[in-house]
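Naming follows writing order (A, B, C and D), and every chain is counted from residue 1.
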Amino acid sequence: MSVATTAQAPAAPARKKRRSPAMWLLIVAAVIAVISLVRIVTGTHELDSPGSLTAAITATCPILLAALGGLWAERAGVVNIGLEGQMILGTWGAAYFTYWYDPYTGIIGAIALGAVGGLIHAIATVSFGVNHIVSGVAINLIGLGLASFLAEAFFADLNSEHGRGGPRQLTGLAKPDTITIPGFSDWMADLAAKHWFFISDVASLLAALSTNLSVVTILVFVLLIATVWILWHTSFGLRLRSCGENPHAAESLGINVYRYKYAAVIASGAFAGLGGGFLALVSSSGYSEGQTNGRGYIGLAAMIFGNWRPGGILLGSGMFGYTDSLRLRDASTVHALLLLVAIALAVYAVVQWRQGARTTAMVVAGGAALFLLWFALTDEVPRDFTSMTPYVLTLLVLAFASQRLRMPKADGLVYRKGSVG
Amino acid sequence: MAATPAGEASSHRPLAIQVRGVTKRFPGVVANHDVDLDIAEGTVHALIGENGAGKSTLMKILYGVQKADEGTISVNGQEVSFSSPTEAIKAGIGMVFQHFMLADNLTVLENVVLGAEKLHGIGPAARAEIQRISDAYGFALDPDELVEHLGVGQRQRVEILKVLYRGAKIVILDEPTAVLVPQEVDALFANLRELRASGHTMLFISHKLDEVRAIADDITVLRRGTTVGTADPKTATKRELAELMVGAELPSPETEESTVTTDVQLSMVDVNLVDDFGRNLLSGINLTIHRGEVLGLAGVEGNGQDELLETLIGIRRGTGSITVGGVEVSSYSTRRRREAGMGFIPADRHRHGLLLDAPLWENRILGHQTTAPSVTGPLVNRRGAKADTQRIVDLYDVRTPSINTPARALSGGNQQKLIIGREMSGDPVLLIAAHPTRGVDVGAQAAIWGHIKRARREGLAVLLVSADLDELIGLSDRIKVILRGEIVGDFDPRNVTPQDLGQAMTGGKGD
Amino acid sequence: MPVVKRLLAAVIAPVMALVAAVLITSVVISVSGTSPVDFWQAMLEKPSNRSLVNIVNQSSMIFMSAVAAAIGFRMNLFNIGVEGQYRVASYVAAVFAGAAFVSGWLNVVLSLLLAMLAGAAWAAIPAILRVTRGVSEVISTIMLNSIAVFGVGWLLSNYGEKAGDGRRTTPISDDSLLAGWQPFERTDGKIWSLTVLAVLVGVTYWFVVNRTRFGFDLRATGQSETAAVASGISVKRMIVISMMLSGATAGLIWLPSLFAETASGHYFSSSTFQVQLGFTGIAVALLGRNKAVGMVFGALLFAYLSVQASALEFAGLDVSKNVVMVIQGVVVLTIVISYEVVGRWRTAAEQRAVTAALQSPSKQEVPA
Amino acid sequence: GCGKNDDDSNDSKGSGSNNSASAGTEDVCKTADGDGPKVALAYDVGGRGDQSFNDAAYAGVAKAVGEFDVTCFEGEAATGEAESVREERLRGMAEQGFSPIIGVGFAYSESVNAVAPDYPDTAFAVVDGFDPDEEANPNVAYLGFAEHEGSFLVGAAAALKTEKDHIGFVGGVHNDLIKKFEAGYVAGAKAVNPKIKVDVTYIEESDVKGFADPAGGKAAATAMYDKGADIVFHAAGGSGTGVFEAATAAGAGNWAIGVDSDQYLTAPANQQKQILTSMLKRVDVATLDMIRSVADGTPLSSYQTYDLKVDGVGYSTSGGFVDDITGDLDEWATKIKGGEITVPTAP
């Protein structure tokens, strides 16, 4: 049989080498150390104070959920830019059901309305083979319009101890419970306040995680892990992914591709809806028009940045969440961030260089130098730019990373049943 | 021999599959009409017929991908009616499709267990089972390898593995040899024989009659959607089978007296091409083609012939020098190269040759956007383009109701005829042709060969890539063999056999 | 296939879609407790003269926005960034026109050109990212929309002139304002002069796409990038050019309003600048299947909906105007779906035609 | 002095309760059928029920129904609607004989300016509005407010109440209007305690989304409480609810200050006990004033500023958390009224 193996196609991308858990721990430690250094050098302890981290986590969750939604859909081969619209529906659902029942019903309501948005997208793209972007655009229109329409219809007259309504908001809703580990939380907070190297940074992360942590936040991370498990360690996940890689192959093996695509896209909508719910019930306590503020799109970007992998997605969402929350906490910290970015770019440049991508390395190194200069020559970042950060960041990241990205083979392609062979 | 009435299979064994009066209609097309088929258990049964005779359709029906409109199918004596492959698989039928059905970004294991997770899960048990089968038949497959890293032959074995993994006793193979070189074909046949020995029944489709006679126990012939008879591979000759298939003599290209001239039309000097990962796709390619010469290029799919053609036409950018008629064109864009008289018949007509949803006359313009009669200055010349399209349709016998029909609606062969007509018009000086008759039925095949020869007589230089070695030998004045992006052999078609070529193509000894 | 059938196919899809849309919205409305009948009566009652004028003015802007989007769509470029492009361009044009470097119509012409340049430049960013770095234009344009909002807002609040508690660009001097045409009473308003831009843009779009080599390349690239490459089209070049054309067209969107004497506020400010036109344009492009004529109808429909919406409150209906957005979204969805359905039916018919043709001559080849 | 201030707070309660009523089902404009002036309110996006600005305007009309038995009509802008649609709304009102026609929100400045000349006999008013061009409009009144003066008082209140000499300000959008709030607030605080530390954050620089981002408001305020501030004043419209939440989350001893209307009255119970006071922007007073002028046959026109002198701005006492310092605050108030202090309008 060796004969045939010589028919090996010349172009075969090198296999990714896996890093061991220990390796990962080392990397994480290194990152924390660097952050700690920057914190101490610049003296901006807000950089990773428990408060900042809590804020960052809160800001991350909705984006993360949107991104996971994107992941589910696109792993099954359906592009879902309707996330934003589904998220908006989620905010309305959360508010409505929380007002009439309780926060947990609210969460379910958010998920349900998001799922409805997903269902519409599925019907259009899967059953009718409509272009995914087109359907997504329409769903964003509908989501935005419907939510504000329903709000005006159902919230305007609400007014009781459960919350106060208006045509564009429903505020003062009950919130899901939060969890604080008594003792530990304070101890960690104290440690963090010591501003020691490394220890305080770890402490403040633990403090953030052990103080007033919303159960929904916990749910989000459970869902993240569940996603990994379902998509990569169950046959359901395997089938779902096969629909995103080669639906015809899946069909030829007797898999009902439509069913899995439907499941994936509905799940996608549900995630986005929960994201909306999070905004309405955890980030704040109520519905207010336009509160999603493009997070659905940012989530999409985070997913692409994360290369359609949960790990990367967490990283991407975290980045956006962090920068977005930091600018509201204290502008000077954003300035310290410049140094951090400079260092990160420098490291990336080195990596690139060692992988032989000389030109990229040079470019990145140049970027690092610029950021360093910016950091050195100024003592604060103009507020106007800080609000742009997530968007500019997305562009930069995509500009540097997009080559090495690998989207599902059949992502965004319209598939029709019975077209096998 | 005359066609024995369908149904009397030459085997006394019990029937694994019995098809009676199956009819399948597509919008307007009758793909299968009153088809009868008997397949004896533990035999290799060959199904032959020209393109579009309805072979794949019949197979898809057997495998539950499509549903028959009329007729009955019984498996091992049981009458069945599958509405999805799942049911066919349950009934012990497996199918290897005409085009690979693999997810590149999944591992061999994932591809195999997909849909059959119930059997051994998706973990170690499954891996062990795959290993077992792979060893049993000498497939030499690593379960955790990504499929995208596999070669054609290996992918085919993954396909077979998928079938066996599901414990199928009846295996359908739709044109499995189309993409294989003789050596790989032999290997495949070895596997099939082992399978037969272990009691499997195989239904085997091919256009290559020698292969059929080499492997099959029985042969059934399909013509225009219906069974026209069965034959015994031991006694039937190629010619007889051909007559059964098309009711006509099977043509094969005959080289006439050479028309090769001395003036060089194309010369490639030390052309190299690397991919994004820095690996060599083409290394040190040197070749020249004279006016009136056809240079054949033989190679296993994926060894750089597509890249070579694409570099020539300018879709890919390599290093080194390319001159056409003495003019250095390596700096030219694809458009300028076409303007310089290079015609291009791509390997994949759907991806590179046609705008499937555009009418034929717009497809005539494609690739000739800058030259009359398609355009005048910056404007599209609709009248001119339509007139010329009509000319092509008539001259090349493209079967279509009108030149306003979208290309998608045409059959593969007719699409191919249109492309060839288009690339021949505007008298090119150099034709770069990949598989000009792939998927084309015998009638059209002969016609296309005719056109190429005529143009060659008029001084056209042709670079011909084809997986059909007979075609290659029949048409070419010289044959070069390409392996892993390098030219490894140089043959004279007058004294070379497909086997020699196959050996060179797979890294056996050169000339 | 027969012409009759073709025509039928052409009209059947939109009709199906509109019916579906009406039904769905009626459900939504009745959910909110308003009677759909009353609603549609209010929406469908004959528009006042003034409304007619507004519909014309609005649709001119929406139409140009649709064309801008369609240029990209025609070659599978999803330029979601029209919104940002016309914001940037409008600001630039307003600043230039306000500065009055030149006076009279010359000021107008130069501003138009400048707006097109600005729009093209802003659109060039995603184009270049796409061809050099392979960044999906969908994401990049979405990001650039937000960046445009911040960027322009920042410029305005730092360099704009104070007006009440807001900021604005310097108002355009009267000699550069265009009178427009007055079809009815004076109080019924005027049709803005620059609505002619929409006509020009429409005609040019139709001609370039259907009659020129460039247009052919554009459509070819849209239908099959691979085939386009093989045919000698430089796809990268096409992407950059068409993206910039799209941006240039987007640059014009708001200018009819800016230079219209009768429009309120001849400057760029948070209240005078009309947002959302970019997204409306995308919807209309989808609605009109990127065909010039189709988009004309689409633009008129959307303009009609948004103008008539203001009739709702005088009709004393207690229904949110945002329902218009719902209708628009639903229409887009139902339109594309019904076109899909009709499309399948048509392909089948074409294949039938083909095989009919295939059958007849091939018959005698089969020995009896 | 004090008495004045009391019924001021009563008023604010009154307007507040009207607010809550307005958010409820009853709706005076559906029932009112007097033969007084025909008042039309053109709200900006959101309309009645926004728990501040628009509700205050409505409250003014509601009072007018009693005082001048007016009939009224309400119109409302849609998200991202065209200028022409706003004009259409105003013209529609004018042609149905409404006068005064009150555009609530400065977004109506241009459209009123365009429409008013065509209806010389109709009285128009724009809350927070301005005349965008040279030609003055004799039949338009621009109802402006001295937000900085009101903010000064709550700033002083904060300075008097804080226990950490550290307070904060959260602005919705970093524009000139909101800067007025900041300037007054800081000035007031410094006037009381020059060494006081005031954190200032704006949710958005220029994007009006900053007024509809409760999450942002919460994040910004939380940061301030984390960093040791114990009182935060917000001028962030809808994002304000986030600020109140942050206060509640920060726990007792931390306060928030509301804006525009008496937000103590509209806040949910759990937040009420931490809303120190609210900077009142008496749109209701202005509206009522406009209606009165029309009823008297002498419609207001050109710029009208509602400052401390005319109770156009002030602070609320609901909850009684500032009862102990009303004395001091009124002294500041009199100083401002008397011109001893001129409050800056920009930071």
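Following the convention adopted for this analysis, contacts are C-beta pairs under 8 Å (C-beta built on N, C-alpha and C of every residue); 3 or more make two chains touch, one makes a residue touch a chain.
Per UniProt, the chains are A, C = ABC transporter permease; B = ABC transporter ATP-binding protein.
The shown structure was predicted, so the numbers you read here are calculated from the model rather than taken from an experiment.
Asks: Comparing A-B against C-D, which pair counts more contacting C-beta pairs?
Replies: It is A-B, judged by the count of C-beta pairs in contact.
Asks: Counting only Cα atoms for the centres, state how far subunit C is from subunit D in Å.
Replies: It comes to 38 Å between the two C-alpha centres.
Asks: Quick one: subunit A and subunit B, Cα centre-to-centre, how many Å?
Replies: Comparing mean C-alpha positions, subunit B is 45 Å from subunit A.
Asks: State, to the nearest whole Å, the distance from the C-alpha centre of subunit A to the C-alpha centre of subunit C.
Replies: Inter-chain centre distance comes to 31 Å.
Asks: Give, as an integer number of Å, the spacing between the C-alpha centres of subunit D and subunit B.
Replies: Computed from C-alpha means, the inter-chain centre distance equals 77 Å.
Asks: Do you know which subunit A residues sit against two or more other chains?
Replies: In subunit A, 148, 167, 384, 387, 403 touch at least two other chains.
Asks: Which subunit D residues sit where two or more other chains touch them?
Replies: Touching at least two other chains: 76, 79, 174, 205-207.
Asks: Of all residues in subunit C, which are in touch with two or more distinct other chains?
Replies: Correct list: 150, 153-154, 320, 322, 324-325.
Asks: Between which chains does touch occur?
Replies: A-B, A-C, A-D, B-C, C-D
Asks: Touching residues of subunit A toward subunit B in the complex: what are they?
Replies: For subunit A paired with subunit B, touching residues are 1-15, 233-235, 238-239, 241-242, 245-246, 248-256, 356, 403, 406, 408-409, 418, 420-421.
Asks: Help me check something: in the complex, which residues belonging to subunit A touch subunit D?
Replies: Residue positions touching the partner: 46, 49, 51-52, 55, 58-59, 148, 156-159, 161, 163-169, 171-172, 212, 279, 283-286, 288-291, 293, 325, 328-330, 383-384, 387.
Asks: Spell out the residues on subunit C that touch subunit B in their complex, using ranges where they run on.
Replies: My answer: residues 211-217, 219-220, 223-224, 226-227, 229-234, 347-358, 361-362, 365-367.
Asks: Would you pull the subunit D residues touching subunit A in the complex into a rising list?
Replies: The touching residues are 20, 23-25, 45-51, 76, 79, 174, 201-207, 209, 212-220, 222-223, 226-227, 238, 241-242, 245, 249, 266-271.
Asks: Which residues of subunit B touch subunit A in their complex?
Replies: Subunit B reaches subunit A through residues 56, 59-60, 63-66, 84-89, 95, 97-99, 101-106, 110-111, 113-117, 121-122, 138-140, 146, 148-154, 157, 162, 174, 180-181, 183-184, 187, 275-281, 300-304, 483-485, 506-507.
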